[in-house]
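Naming follows writing order (A, B, C and D), and every chain is counted from residue 1.
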Amino acid sequence: MQTVAERVIARAKELFFSGEVRRVLGWERGEFQHERIPALYETAEQLEKLVYDEYCGPNLSKELIALSKLEGRTLAILKPCDARSLNLLLREYRVDREKVYILGAGCTGMRGRDGLLLKCETCRGKDFPVFDEAIDDEECRKVPDGDRFADVCRIEQMSGDERFLFFRSELSKCIRCNACRNICPACSCNQCVFDNPDSGVSSKASADPFEDSQFHIVRAFHVAGRCTDCGECSRACPQGIPLHLLNRKIIKDIGELYGGYEAGGRSPLIDYRASDGEA
Amino acid sequence: MNNENLRDLVVEISGANPRKCMRCGKCSGTCPAYAEMEYRPHRIVAMVEKGDIEPLMRSQSLYRCLACMACVERCPRSVEPAKLVEAVRLLVIRGQGQNHMSPDDIPQKLDAELPQQAIVAALRKYGK
Amino acid sequence: MQKIGVFVCWCGTNIAATVDVAAVADAMRSEPGVVYAADYQYMCSEVGQQRLIAAVREHALTGVVICACSPRMHEQTFRRAAERAGLNPYMVEIANIREQCSWIHKDKAVGTPKAIALARAAVAKVLKNAPLTAGESPVAKRALVIGGGIAGIQTALDVAEAGYEVDIVEKSPTIGGRMAQLDKTFPTLDCSACILTPKMVEAAQSPNIELLTYSEVEKVAGFVGNFTVTIRKKARYVDTNRCTGCAECVAKCPARKGKNEFNMGLDNRSAIYIPFAQAIPNVATIDASQCIKLRTGKCGICEKVCSAGAIDYNQRDEVIERRYGAIVAATGFRPISLEKFGEYAYQESPDVVTSLEFERILNAAGPTKGQLVRPSDGKHPHEIVFIQCVGSRCSEDAGKGKTYCSKICCMYTAKHAMLVREKYPDVRVRVFYIDVRTPGKNFDEFYRRAAEQYGVEYVKGMVGKVWRQNGKLMVQGSDLLNDEQLLIPADMVVLAAAIEPEPGARALATMLTASMDTNDFFSEAHPKLRPVESPTAGVFLSGACQGPKDIPETVAQAGAAAIKVVGLLSKDRLVTNPCVAHSNELLCNGCSQCEKVCPYGAITYSEREVVDRGVKDVRRLASVNEAVCRGCGACTVACPSGAMDLKGFANRQIMAEVDAICRAK
Amino acid sequence: MQGEVNEFKPLIVAFCCNWCSYAGADLAGSSRLSYPADVKIIRVPCSCRVNPLFILRAFQRGADGVIICGCHPGDCHYTTGNYYARRRMTVLFRLLEFMGIDRQRVRVEWVSAAEGAKFALVMNEFAGAVKALGENVKLGDLRCKP
């Protein structure tokens, strides 16, 4: 990892100085030892702060929606999971491929304050579905064999009332800060239905407690068949709500019922078979 | 018991529905025991539907039915006449409060020449 | 500021008996936006409509709610009335307080509050309605008839007669269909070919009719007035322009093992064949599965003997695409398979035949040249048993046969029995029947003649079993009226097999998006009032594909379908449904989900400039072709941002209805 | 009489497609086949028009059960709408169940225009099932602290 990280930073700088790319999207150090914040570097001076290490958890792919509208190419350092998210954005025409230089960065699992990130415990794989070049090594290609549906299965085993109490206690923490929505690479609407007065569901402040749970159900449904399972919703949530469980439940169901999907391909929810089972 | 109650009982025991009969007579056209019966299969269905169960219970026709189930197989309306016959037979047997035949009796009655269907049919006819 | 008027209809006592109409009107007066509410006996009457018009004018209403029968009944009526009053017709909403309320509830204590809830929902919806304007789409002045039997021929002739062009697509090499296979027709006993072939010739010669025989429909796109149909013209390996129909090739062809479809497989035909003498077009067709040349490369005799040079072994299927304004399904019927009716020994004995096979046996152009002989040994039969209702009128749980009456069997069986007795008085003919059903002009007289004058013996009862024994067919059946079981040593048994729709009809219905019933007969738009129209606009039904029927009924229905087609083609433009999808470009993300889900290909994407909150931006945006969109709304749910919405059933409208209904709690 | 006053009346929202199920409901009406007044029908062009938002909104506003009725698979007036609806609702219903919401409160049924009797039967059955579950409190307070 050490050498991979050095090579990634060196290569990013090289591409910047050669004029191949106009700017570099990466991370910089935050206030805390384990904190890395997305950062955009446009000068050589700034670029000295570029960091790539085991704390670079944040998924940068969504930033490229805006960046690909700027003049010139943007170099983005993407981990395999981030590249999956970008792939979705490319396939949905949200990012202009020509404007992005994807530097794939090998990853051995990212850490946060409490150790290995949740999404990394059940890493979905180390391949880059889309990239211009990738830098990794043997160690980076090892995939941990965690079962990403273990938590979903555990909850499925609980009684209906237990499940209800579990989600009620979790969702009751929601403060509607929209961090989950803002970080989610599948949540890229110009304007969210929840911010649109014409949708009939907009609400700046929740009028009743149900609205927050409705927000999360609808959000899970809107990203159903498109979610790349990057886990950023749960990582970003300041209240620690395990929001990824809703998405994973849907991913698991779609896998069992309709044979799964790869985000960016035709979503199983805009597809059908005459032989599908009944609801 | 009045006619309607008896009819309902026969319908309940048999699980068959005589109202579905369209009076085509295919059961009687099919029945191998037709000649020996006082009441023929189509008539039996009609009698059950009407509630004329008592004359049926007294009739030997019940025991002429071979329980070969050909009428059940061929009935285009799936009325299942043989099941109605069987149900009436059961009414008679239950009324007598005894079994005419129990599975224990079978071994001594076995005969290499006897078709297995006949054994099953005998149980259907004489068992409870 | 919206001003809504609410009109509560009594529908005589249909509504007023179980809904307190005055109370409903009263409750509506306190609903937000409602400035006028009234009740009246018959809103759909001219007087009722005048009241609506007067109220719209007097109170300057901007929207109207009618609490009455189902919108499927009178939505159009009230929209037109609103239009006459100067209101946009789409500012009308119906609260269905008859079918959904007064008719299903027994008293006012239940009916009135529910009617109020339904009325509230309609008011809530209409408050969110926007005026809509119907668009127009052009009509392609050409009709397509699928199926070249008597139904298709008659429809095409009538459409052509009215001056419109029409194509007949027929999957077999000739038009004529089932009627061409019949010997005589009931109840007049005139020769089927004699009355059919002039019509076939007329169709071939009409300048307005094009026959696409040996062709099949592959794909249907578009909508009423604007169908685009892909048709595969299968390779005949014969140039139809050159072939003279001399049949020299047919006589010389060495491959003679093909099943003769025209004779129901009772004899064989050559690999190159003309189905029957009066076939139209009268040209040869090579059956590729039988032809030695096409299978092995050797032979080529037909090419050598053809003086016209019409044989072309290299011919390929041709795929053409045409535009039509209207499509008529006339795909016909076939007898059912009898594999589940083993008791009649149809599979075991060649002397047990279906009625359609018997028809061919009686026909002078049939396998026996019209001689009544047993298929097994060619001997003259002395005893024939006809069995009716074979596979018809079976209960659903019987696991075999059809639940319906096939309708034509009683009459053709009487016909067959009569023909046999007329020509061969020595033959004893018995008909086993469950009921003899002869409604129709001169039908019962015909049946009685068979019994009384021709000595056909009708036996009330059913055959249970048929088996072969000593060169005879033993027929065991019941004679219910004589209370006996008959055992008849017969020479032939004729089964009146149930009829079913042609098996290709299901796939066609899917292409046409026309609905079918559980038996695969095409459904009508209304079983009584729109019997020749499919629920899918622009698709019409002719003949037995809609349900069992005899020739006169088929011809009548074919004519009715033709007039519906003509009515449609006579219009230059059609008014399109304005309740179509619409994309809000400021909300559209350009993700293409809607495009992928649209069944009509109505959504396209393009890069366009938008001004979003004062900022110019070029974005990839969806747009809806309103002439192609049919308003299903699939895109509206696929769209995560809510950019895609449906006019007339907008998110905010449905949401308002939900809210209003839930307010009842 | 006292018992009837206190009897729980569920509120049921039924989304019916215009071509099959709404017509089936009309047929139930013209055949005078009764079903509970608790059922209120909203007409939509197709079952695929039903947005999960509508269902959640109904629950939010106090509905005790929501049923979506469409044409039988293969019979959709728009060819494919009910197939999409079937997948969407399958996924949504499973998610709701996962979150502890009674599965019996939501249902999809295929009712053709000819099935007036089935419509009445389905509505009677569904209303009965929802009534047996009692008032829907869960969806109303998924966030409330215990």
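Operating definition for what follows: contacts are C-beta pairs under 8 Å (C-beta built on N, C-alpha and C of every residue); 3 or more make two chains touch, one makes a residue touch a chain.
Since this is a predicted model, take the numbers as computed values, not measurements.
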item: Of all other chains, the one whose Cα centre sits farthest from subunit D; value: B
item: Distance from the mean Cα position of subunit D to that of subunit C, given in whole angstrom; value: 31
item: Inter-chain centre distance, subunit B versus subunit D - centres from mean C-alpha coordinates, in Å; value: 46
item: Centroid distance [mean C-alpha coordinates] between subunit B and subunit A, Å; value: 71
item: Whole-Å gap separating subunit A and subunit D, where each centre is the average of the chain's CA atoms; value: 35
item: Multi-partner residues of subunit A (each touching 2 or more other chains); value: 193, 199-201, 269-270
item: Where subunit C touches two or more other chains, by residue; value: 597, 638, 651, 655
item: Interface hub residues of subunit B, defined as touching at least two other chains; value: none
item: Chain pairs in mutual contact under the definition given at the outset; value: A-C, A-D, B-C, C-D
item: Contact set on subunit D toward subunit C in their complex; value: 11, 13, 19, 22-23, 25-26, 28-30, 32-35, 37, 40-46, 48-54, 57-58, 61-63, 71, 74-81, 84, 88, 114, 120
item: Interface residues, subunit C side, partner subunit A - complex; value: 584, 586-593, 596-597, 605, 612, 617, 620, 638, 640-642, 651-652, 655-656
item: Contact set on subunit C toward subunit D in their complex; value: 70-72, 96, 98-101, 103-106, 110-111, 113-114, 117-118, 121, 510, 513, 515-517, 535-536, 579, 597, 599, 630-634, 636-638, 646, 649, 651, 654-655, 657-659, 661-665
item: Residues of subunit B that touch subunit C when the two form their complex; value: 20, 22-31, 34-35, 40, 42, 70-71, 74-78
item: Contact set on subunit D toward subunit A in their complex; value: 52-53, 56-57, 59-60, 73-74, 80, 83-84, 86-103, 107-108, 138-146
